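Next come two complexes built around chain A: one with chain B, the other with chain C.
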Partner chain A sequence: MDFAIETRALNKSFGKLKAIDDLYLAVPAGSIFGLIGPNGAGKSTLIQILVGIILPDSGEGFILGRNIREKDGSIRNRVGYVPDVPVMYPSFSVAEMYRLGSKLYPFWDWERCKQLQKSFHLPEGQRLCNLSRGEKVQVALVMALAMRPRLLLLDEPTAGLDPVVRRSFLQAIIEEAASNGTTVFYSSHNLKDLEQRVDHIAALNQGRIMFSHSLDELKESVHRLQLIFAGEPPVDEIKSLPGLVDWESMGRVVIITITGHIDYICSQLVALNPELVKEQNLDLESIFVAFMKAEGYCFGSEGLGATSEVMK
Partner chain B sequence: MWLDINPRLSTPIYQQLVDGVKEAIAQGMLLPGERMPTVRKLALELSLNPNTVAKAYQKLEQEGIIETMRSRGTYIASPSVVDKELAHKRLGRLIEKVLVEAYHLGLSPAEVKQLVADKLDEWEVRGRK
Partner chain C sequence: MRVLKGLLWKEWKQHNRGILLIFIIISLEPILIPITYWIYRTSERAEAWSDGIKAILTPGSSNTEILAMIAVVLLASVLLVGERDSSLNYLVTTPVSRREIISAKFIYGSLVLITIMLIISLFILIARILFPAEYSAQEVIQWTIITTLALLCMFSLALMVASFSRGVLSSALFTTVIMGLPWILVSFMMQVFSQFKPVSAALEIKARYLVTYLFIPDYISRDGRYIWSSNSNLVIDRVIPDYPLEITILLLASFLFWRLAIKIFEKNPLERQGELLLFGSFKQNALIFISCISAMGWARQVASSLLSFFAFFLIMWLGIYLAMLALAWIITWFVQFKKY
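Showing the complex of A and B:
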């Protein structure tokens, strides 16, 4: 398979903090790839390494088949990047920013630029310092698409956008992927946005990949099952089930989150002799929360200690 | 839009699309020979990943539900003649699942029979419209 992004044993530290820790990632060309992870997981650092803003301490990275350490930056003519906080000349007007883009990028497409500018209704004459963060993000997206990218890197682009603009923003991304086959690599906390629009997803935690799957694969390989027992649930046996991610019990009812093929899981459960086994729907958010819990990233009062440690 | 997709279900989205199209045909909302929207159009309309929509179209084509005519688009295929024995086998498996569920819901065989008969009537009425 062709990969638009590939990293091998990538490492990056800031002082004592290990931001990226032995990271392996492969993003298939033509996919819309979602990157999730708690605050401080290393998502922005990873994207900045891929764009070439910061260099890794060790390891290899490739975008569109070219090494990220290459001095020749020409491949970046085909990489659109929308940072979480766009940096643009504050005294430039929106129109002047576009004109700068047209000079910087050899594949600049004025028609595409005008079409996007129209759909976002951005104030062309306005100076950038007078725009809101959301409007700046839109200007950055217009530029990132008008340069005719083959790879689009978006760092939490929809944070702080109003619902209407968020939708046009996401539609523009889908249209780009559908019409031009552009690979989209996109970090977000909005799992609902991701769930219906990405085909692959990776979860990052403390600089490491927790899982990386096609979304269909992930949904077919993680299950939440409700088990009802006649008497006291066999807790020890449940805890030692292979592939168990998370479990909770309420009296005779035990709810487990578990990875593996559903037939294999059921064959394992037969030995525990439950009265009823019922599969529950498991959305991306629940999958993510279950994995984070298994990693020790706790929620609620009992986990405050662990949480604050991760936050630091 | 006649397709009702819920991304939060455990059922993968491409499978929901496949099921949705099959249901729409069975209910007469889509007719043989009718043109399907392009992958790009459907992806934008439902705000879904184009690769997911493409995957659903592939599955539907494999199952003979839709046909792609080169450069002319995708159409609903005429109902295919499936081997009767195979059809019985496949449907039999689904019916078994229904019966298991019925048992756990505490429905008697007579009640299940009545329910099936009612549903069939409902479908026939809808089909005639």
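Showing the complex of A and C:
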């Protein structure tokens, strides 16, 4: 399989803080790959390493088959980058930014640029310093798409965009991926957006990958089951279930989040003798929250219920 | 080449107003004041308009030269450090290598310098043909070549310092310190040696001769080319200008600083702003530097011989450094303590 992004034992520290910790990641070429993780997980650092802003301490990284340590700028000829807060040249007008893009990117497509510019209704003569954050993100996206990318790195770009703009932004990305086979590496906190659009997903926590799967694989491998017992639930046995990520108990009802093949899980549950086993719908957000709880991520007790427990 | 053109265009778009301001400041004495003089004519002497220009061309620091030196150091700092906290993070994500980024800035700054100096010298030369003047064409050509090259050398040194500095002013200040270091060190060493051992005039001349070639501003002001005795106010020698040697040194130094700037900038993790990246922590280096200078001064006061000077110097350097380190630690602890 071809990978658009690959990292091997990548490390980056800021003083004593380990932002990226021995990271192995492979992003299949042509995929729309979502990257999720709590604040400070290292998502932005990883993207900034891939795009050349930050140099890694050790390990290897490859984008479009080329080593990120290569000093030659041509490694980024077909790599578009849209950060959460685009910082370009505040004194430049939108048109001047496009002109700069056309001078720096060898595959710059003016026709595509004009077409995108038109669909986003951006004021061409306006200086960047006078644009809103959302407009700046759109300018960055127009530039990232007009250079005919093979890889798009998006670092929480839709945070703070209004719903209409967010939708057209995401639409433009999906169209790009669908029509040109561009790999999209998309970091976001908006798991609903990701769930609807990505085909692969990875979760990052404390600079390490918690899981990395195709979305279908992930959904097939993680289950939320509601178990109803006739009497007191066998808590100790439940806690020792292999693959258990999270559990909550409400009287005779126990809800577990568990990884593994459903047939195997059911065979394990038979021994606990529940009256009823019912599979609940599990969206990406629930999966993520369950994994984060398992990792010991801090939550307020209000949102979880008194009986919830974190499994390590 | 395409990328370089793009980067040069960007630099021009970004800094054209600043460049115009630099041009106005530098051309004040050699162009604007003579023009004003021709308009208002305040002296009977026909050559009076060229007094300012004559002052620039003769040895000694002129306002124009001082302003040009300040402008050049600031220009390099603004070109690179000015982008550090903002647009540089964008630029490194484009298909541009760090070598191309810093080279474009070097080429742009050099072109600006050469253009400004050419305009000024052409004006001075043409004005001399049209009006009676107190200077010769040869003086103008010599001054133009040496001053341009010295400014270029200063610019590349400032660019090198900017490649690992954060603030524009701190970068400019650090450049000034580095530039002055040969002069400070040699003068200090001469004073130390002469305190404990009689220094021969020949050795003193040699040392000062060396400084004239290591202290870049002296290529422009040419003050140091007149060597004064440290014990009296007499000129004891004069360095005869060796223009081919000066040109070679300045060109080589410019090239060396530019190459170093590229090397440092290529290894510069942009998130570690404000640190002396080559040598670790900025605070640490500042403490080492300050303690070294203080130790030198104190050791000189208490030492009775050259040997004891070096012994005192080493002990005091270590002592002052450790004391400052402890003080910095206490201050940090106190600030943290107050925070919580």
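By definition in this document, the second predicted complex is superposed on the first by the 300 of 312 C-alpha atoms of A that agree within 3 Å, B and C clash if a C-alpha of one lies under 4 Å from a C-alpha of the other, contacts with A are read in each partner's own complex, and residues count from 1 in each chain.
The working rule: a residue touches a chain if its C-beta (ideal position, glycine included) is under 8 Å from a C-beta of that chain, and two chains touch if they have at least 3 such contacts.
Predicted, not measured: the structure shown is a model, and the values here were computed from it.
If you put the two complexes together on chain A, you find that chain B and chain C both fit without a clash.
With both structures placed on the common chain, the touch criterion links A:219 to chain B but leaves chain C unconnected.
By the touch criterion defined above, A:132 lies against neither chain B nor chain C after alignment on the C-alpha atoms of chain A. When the two structures are aligned on the shared chain, A:32 is found in touch with chain B, with no touch to chain C.
In the superposition on chain A, A:55 makes contact with chain C only, not with chain B.
Judged by the touch definition given at the top, the superposed model places A:196 against chain B, while chain C stays out of reach.
In the superposed model, A:67 lies in contact with neither chain B nor chain C. With chain A fitted onto itself, chain B and chain C come no nearer than 26 Å, counting C-alpha atoms only.
Residues common to the contacts of chain A with chain B and with chain C across the two structures: none.
Contacts from chain C toward chain A in the complex involve residues 2-3, 5-7, 9-10, 13-14, 86-87, 89-90, 92-100, 266-271.
Contacts from chain A toward chain B in the complex involve residues 30-32, 167, 170-171, 174-175, 177-179, 192, 195-199, 215-216, 219-220, 223-224, 276, 279-284.
Those residues of chain B that touch chain A in the complex are listed here as 5, 7-14, 39-40, 43-44, 46-52, 55, 104. Chain A meets chain C in the complex at residues 14, 48, 51-55, 71-77, 79, 81, 86-92, 96, 99-101, 103-106.
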